[in-house]
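Scrolling down, you'll hit the structures one after another.
Each of the next two complexes has chain A plus one more chain, namely chain B in the first and chain C in the second.
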Partner chain A sequence: MNKFFILFIFLHFGAYCQNDGRLIARQGKVSFFSYTSVEDIEATNNQVYSIIDKSDGTVGVSMLMRAFIFKKSLMEEHFNESYVESDIYPKTNFSGKIVDFTADSLNNGVAFIKGNMEMHGAKKEIEIKVRIESSDDKLVLMGDFEVPVQDFNIKVPPLLTPNIAKVIQVMFRFEYEPYEE
Partner chain B sequence: MKKKVYIVVFAMIFAMLCITIYIHNEFNRPALVDIHNSITQDTVSADELISIFTTNEELASNSFVEKTIEVKGVIKKINYINNRQTILLKSERFAQSFVICDMMPSTENRIGALNIGDTLAIKGICKGFLFDVIMLNCIPIERTRE
Partner chain C sequence: MKNKKSKIVFILGFFVGLASMKGQDILDLLDKELSNEKKYFTQATFKANRVLLGQSVETRKKGVMEFTFGTRYWNIPNNTTGQSFGADRFSAHFGVRYSFSDRFTFGVGATTLDGILNGFAKYRLVRQTDDGSTPLGITLVQGTSYFTRDFIGFQLPSDSADRLSWVTQAIFARKFDRNLSFQIAPTYIHLGNENIPLNNTDYFSLGFGGRYKLSNHVSLVSEYYYLFGREEGPEGFNLFSLGVNWEISDLILQFSLTNAKSFDDISNYTLAPNNFNFNAGRLHIGVNATYVLHFNQKKRSIKSVKE
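Presenting the complex of A and B:
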């Protein structure tokens, strides 16, 4: 399924964004937070890949689950080995489109992106509110959304249930720039 | 008899204390890897690494992911996006793909002396491939001026 998604990005966005309308972020940032009374868990991935097509508002995101940085080693081990099973499902992907896209949708302001998120072998349709900062040669998309753990078949052992929030907060920031050869 | 009871109680308390300290240390062990003392498991050029991943990602993942490797390539870009120090090594054969190296904070001074176009060997942990190879916990180990 991951290969299908990557093929989709290539076909849809054209090989490596040779068109001026396509912008790329190789080092997007995605953080997640799990708040419970027992412990708070947070991690950040600073190498998230994203492409946006300015002509039709299509957005693609792909990230390696193993590239999340945790504060504590044990949390990282549990995350990769027990929860998201990074060996089996190494990537999380999202493909979507800005809702009611017009030529002005990517100006400074707020927009909604609707699409499918694929993680841990499960696919779910989500709608995300994004803040947009736009300048001549740069576009920044940022926002946050919630991910219910059970939506993506993530199994938490009963002993650790109090440690993991049922709904994970996710924050993101993508700084797009024109693709350079 | 009373002395034996004291010894047993003391031994039990001591054992429980040791276990508590061990569990506490395990739970709080920082995730940061000591890459300086980590043994290099493979040495490749940026060209080779990207080529292997683009040819057979599954095989490349089995060979490199979560391994400490040394990668040699020409610096394409040095940036500080997300308040991280990142070096992008370019490939001659794959113009659109890079090796993205997330540098350890302790290497700040050494990165300041690097220039775009320098040939650099970087040691770090390979995390996999999106459209670039991603490496974390990186340190520069050898540089050749352009």
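Presenting the complex of A and C:
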């Protein structure tokens, strides 16, 4: 009987502790840039959600494609309707883990995160270098990476191929705070 | 004794399970957070201010100016006067529209064939939302047309006050899924004067418009306006149009097959249309090119991560 109680207490604490290490960013920023000789396109989403688990280094990011703001409103409509088709694929998700995670990983200033990005119905494994600024209860992750348009089955009509870069640059910045439901 | 033991195990197990639920997958938690995000208005019910000839439920976003250059070509029976642009007859329209806000748009235009100057104001009263909480969009349109000269079947009134005509519409539209949109437009038309062949000045009309998306950049559109209180045939025919919208970045090309010669609402709904068939003088082929200019790009954008 006693053994049961010990097991129970362990399991119980284990389950609660998982939650303790979690940090959330509710106003994370993601921008993307497409530079060509014809046209420069950039858009920013400042309602990106991200959760990081300090205990095991898992990271998740999720955003609505409709929340990207473009300088040109028509471009925003085309982006949603004709390119990323946000009516069918409203979200872009990333879930991954800090590579070689140790307790010190978040204090080192730089880390690599490896995981899967899911956008426009396609899933691709990517590895991203992130810069980390951490203080007592705050954590900031930022960095940039590149996304080939073709990898995510986004079709560009032949007439507009000169307007849209083959590789899109993405930049992000997340400021985390302790997670509370 | 055994029974009691299993009971305790069950209860303890239940509590452990309850606690573990808090540690659910990170993406599930993010999903829950995202579901609190604001609701978005349905976009692209139609692709331009006009379905083809008649008004659509759609307007542009704030700070957008739209230039339209429309052309229409047709042949006439027993033509003896020569051709221009490869057809017996040619008509063109130039229009400018500006959106003062996401809801309010104002536009003016002029047509070569009938010399009608037109202006309209559009207000989006209700906008459909993606989550279905508002199932349809409603747009109010007030248009006015000023007749400047005689044209086929129309004699210009001598008193200038009689040259003004009005059209009032309430457009109800719904985007059913990503491909199919439909609108119904009860329309009230007041003509400035009685004109042959019509023998009344006030008419009620019901317009139907639809869009079907063929691919990401091309859609099929069609319209029909039924005019109540006239004898179809001797007093003219109801407006019908069939066409394709093709979007290329900031440019929209609207190709149309129609029975109307004009670009003006009043003229299209009441005066000009013929019976729709493929005989000379009945079928009009047109292209409208609409170019979109954005005037509030700096104001609109938010700071990127870079800045």
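Heads up, the rule we're going with is that the second predicted complex is superposed on the first by the 160 of 181 C-alpha atoms of A that agree within 3 Å, B and C clash if a C-alpha of one lies under 4 Å from a C-alpha of the other, contacts with A are read in each partner's own complex, and residues count from 1 in each chain.
Following the convention adopted for this analysis, contacts are C-beta pairs under 8 Å (C-beta built on N, C-alpha and C of every residue); 3 or more make two chains touch, one makes a residue touch a chain.
Small disclaimer: the values here were computed from a predicted structure and weren't measured.
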{"item": "Partners on chain A (chain B, chain C) - clash or fit", "value": "clash"}
{"item": "Broader residue contact with chain A after superposition on the shared chain, chain B or chain C", "value": "C"}
{"item": "First, second, both or neither for A:Tyr49, with chain B first and chain C second", "value": "both"}
{"item": "Which of chain B and chain C A:Lys123 touches, first, second, both or neither", "value": "neither"}
{"item": "Contacts of A:Lys114 with chain B and chain C, given as first, second, both or neither", "value": "neither"}
{"item": "Partner chain(s) touched by A:Glu175 [first = chain B, second = chain C, both, neither]", "value": "first"}
{"item": "Which superposed partner A:Gly60 touches (first chain B, second chain C, both, neither)", "value": "second"}
{"item": "Touched partner set for A:Lys97, first chain B, second chain C, both or neither", "value": "neither"}
{"item": "Touching partner for A:Leu74 - first (chain B), second (chain C), both, neither", "value": "both"}
{"item": "Contacts of A:Arg131 with chain B and chain C, given as first, second, both or neither", "value": "neither"}
{"item": "Clash-bearing segment of chain C, relative to chain B, as chosen among 38-46, 146-154 or 272-280", "value": "38-46"}
{"item": "Intersection of the chain A residues that touch chain B with those that touch chain C", "value": "15-16, 26, 29, 44, 46-47, 49, 62-64, 66-67, 69-74, 91, 173"}
{"item": "Chain A partner contacts - residues on chain B that touch it in the complex", "value": "26-31, 61, 65-66, 79, 81-82, 84, 86, 88, 95-96, 98, 100, 102, 127-132, 134, 136"}
{"item": "Residue ranges of chain C in contact with chain A within the complex", "value": "5, 8-9, 12, 15-16, 19-20, 22-23, 26-27, 29-31, 33-34, 37, 40, 43-44, 60-64, 130, 178, 216-217, 247-250, 292, 294, 297-298, 300-306"}
{"item": "Partner chain B, residues of chain A touching it in the complex", "value": "15-16, 26-27, 29, 44, 46-47, 49, 62-64, 66-67, 69-76, 90-91, 173, 175, 181"}
{"item": "Interface residues, chain A side, partner chain C - complex", "value": "1, 4-5, 8, 11-12, 15-16, 18-19, 22, 24, 26, 29-31, 33, 42, 44, 46-47, 49-51, 53, 58-64, 66-67, 69-74, 77-78, 80-83, 85, 87-88, 91, 93, 95, 142, 155, 157, 159-160, 163, 171-173, 179"}
